[in-house]
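We call the chains A, B, C and D, going by the order they appear; numbering starts again at 1 in every chain.
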Amino acid sequence: MIVINFKAYRESFGRSALELAKLAEEVAEKSGIHIAVAVNYLDLPTIAREVRIDVFSQHVDAVEFGSFTGVVNAEMIKEYGAKGSILNHSERRMKLADIDFCITKMKALGLVSIVCTNNISTTRAVAALEPDFVAVEPPELIGSGMAVSKVRPEIVEKSVRAAKEICRKIKVLCGAGITGYEDYVKALELGADGVLLASGIVKAKDRKKALEELVGLR
Amino acid sequence: MIVINFKAYRESFGRSALELAKLAEEVAEKSGIHIAVAVNYLDLPTIAREVRIDVFSQHVDAVEFGSFTGVVNAEMIKEYGAKGSILNHSERRMKLADIDFCITKMKALGLVSIVCTNNISTTRAVAALEPDFVAVEPPELIGSGMAVSKVRPEIVEKSVRAAKEICRKIKVLCGAGITGYEDYVKALELGADGVLLASGIVKAKDRKKALEELVGLR
Amino acid sequence: MIVINFKAYRESFGRSALELAKLAEEVAEKSGIHIAVAVNYLDLPTIAREVRIDVFSQHVDAVEFGSFTGVVNAEMIKEYGAKGSILNHSERRMKLADIDFCITKMKALGLVSIVCTNNISTTRAVAALEPDFVAVEPPELIGSGMAVSKVRPEIVEKSVRAAKEICRKIKVLCGAGITGYEDYVKALELGADGVLLASGIVKAKDRKKALEELVGLR
Amino acid sequence: MIVINFKAYRESFGRSALELAKLAEEVAEKSGIHIAVAVNYLDLPTIAREVRIDVFSQHVDAVEFGSFTGVVNAEMIKEYGAKGSILNHSERRMKLADIDFCITKMKALGLVSIVCTNNISTTRAVAALEPDFVAVEPPELIGSGMAVSKVRPEIVEKSVRAAKEICRKIKVLCGAGITGYEDYVKALELGADGVLLASGIVKAKDRKKALEELVGLR
């Protein structure tokens, strides 16, 4: 499982977002590797309709339908075809009670939750909430170009062990600095079920090449 | 000018949102009154494409393009056809510096800003930031069924005067409890340039009838 | 263990706060029951100096010393004699990463952490962070006058079990609606190590009597 | 008027805070210049009791007395002898409605409000709320060692003019990078009523010397 977070980069918004999602779809089908994309709210409806790979939201708010302004809840992304959502990304940290609310809600709706964490203890805490995925990303390595699976392998290993000890069926992603096939394979060797990445693909000069390298097609 | 805030009601999301926007368009064209709708991020692309009336976002985040997750900025809503955005709604209060950032940004992009306030002094403050519209809504009347233009006419009058004293060309909306034509006309008599409303239309049993009543077609 | 949260009530601020802390001290010594008070930042220095019972802060910010304005960190409350702090109270919910930061920091400083939660799953999550105490308080019962240990005994029981399953040495408090001795004893019978309460004592007409009743001296 | 924001530096907390406040008092009395200090909540009670110069809080929360945890409101700082509070510091930005609430409340209590802003338009907006002081601090110069009054004199001049145009009796401070007498005098020449500074004094090796230099005693 590879999740590409499109973030709010100009290079992965609007028409470029759809192009990148299509590339991800192509590479996923060629390689047989499960690739998902996490896109902006405004891009989500089109992308979810146009590609066959899983499309995630980057966040959902911890609210039901009701008298709220400027929010997006779990039901809403489901209605537009999202497979699930990232929660608690380092750029969008959530209150504990809200993470719990969203995981519970998404489970009831059949949506997949990917909850980000920053270290081993928060990974344990999130595992106790039993989301589908926990994605550990040491903040100091995000966007650094140094892959967590290479420079801090013990964080990945210990996070996997800690998470599965608390919730056997949880899947663990790791992120931060991941760019190439080697980083990805190393993550799997350390016990991770996949990786979460962003700039390594989105900001690449040749994004198709970057995607193919990531999955070992080059 | 009448702005209908669709909020996060189930009745004004997805397919129902598009239907309501179409009704608003129909009533706007029949009555010659300027009606705009403020819709959910996920609904915005479709609605902006499908209707001829102005479509607003309910909020934008005070960020540029970049390494942010789960945000929507002013450029993004513009790219999808929004006319502008509500800012600082009582259900989504913003920091002063962020309101200023968004107004400035939206002005540069040719987007229309409608900034909500809760009383006369915050109306003055917002007027000093020179958005296109300020929309004063006394929080205690929101969703109360008691129209601000009827039960607190002095707030509307004084807000209009205070806002225009600071920024001559600003337009002033009033909101909270507005439902029928009488409330709307009363607001205009008090000097307002229009009204902002939500549940009065969205939650009406017969929404077409409610819209027609609002503009005096019935 | 009984923790009295003084909150921001006028009745438990300033001179009245010191009086109430003295009463708590007196009743603690007479009954032999461990009573602690969680007081306002401004009251903390005096109260920590004037009473022999444990004095807690109601919150600490997840920051180190540095270029921050209007914050209070763990070192600061320690320097003024606090025994520890409440974290993540329902009226001051924290981001998961910040709860983790504070627990870790407080542990290093020898401060006691009492982390509030709203249900069984967040209790499990907090237990995974290994604070000294977790205090479960169903939000719908806070200030309701209906004791959680009486009307929702299963939440207390299951929270105790869930928390200790994840972290054997953690202590569990329960809160919401607790006022009298019966509620307190019932909480202990259900496996809790103590209770967290506020208005039941702070807002009582006769606070000494309320305290004595709480510990069974009347 | 010179306001020294002690922030959350270790060097200006606890015993060191009291020492620095005493130095400020000494230099204020020797120079005849009005110096005030803005201190941590925990330090405020002692410092307000021990020095004759004005003591400010660094922030207050926009709440009344009541069922709130971990907050400090305007009444509370008044009870402990504060002269007023900084509001909306760049490290503690507030929502517009909350700034308005606090200014109104503090005015009713006879407390002095110093509201920080980041540019000319937010200075205008704050002036419209009629606090006692507005303190403009371009964020890019904070802690830079480059004095706003020297490197961006036009911001100071225009802010003063803009603020007084909206609220004749408001006083204007400027901040960011201010360290020596020259910066201070330059600020006054540009029309400011004083300066707001922090690290220039707090982090100085010889704080007495730094204070004396600031007011021209050396």
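What to note about this one:
In the analysis below, contacts are C-beta pairs under 8 Å (C-beta built on N, C-alpha and C of every residue); 3 or more make two chains touch, one makes a residue touch a chain.
In this text, all values refer to a predicted model and were calculated from it rather than measured experimentally.
The chains that touch chain C as well as chain D do not exist here; no chain meets both. Relative to chain D, the most remote chain by averaged C-alpha coordinates is A.
With centres defined as mean CA coordinates, chain D is found 36 Å away from chain B. Averaging Cα coordinates per chain places chain B and chain C 43 Å apart. Residue positions of chain C touching 2 or more other chains: there are none. Working note: touching chain pairs come out as A-B, A-C, B-D, C-D. Residues of chain D that touch chain C in their complex: 5, 7-10, 13-14, 40-42, 44-46, 57-59, 63, 65-73, 75-77, 79-80, 86, 89-92, 143, 198-199. By the touch criterion given at the top, residues 88, 93-100, 104, 117-119, 121-122, 124-130, 166 of chain D touch chain B in their complex.
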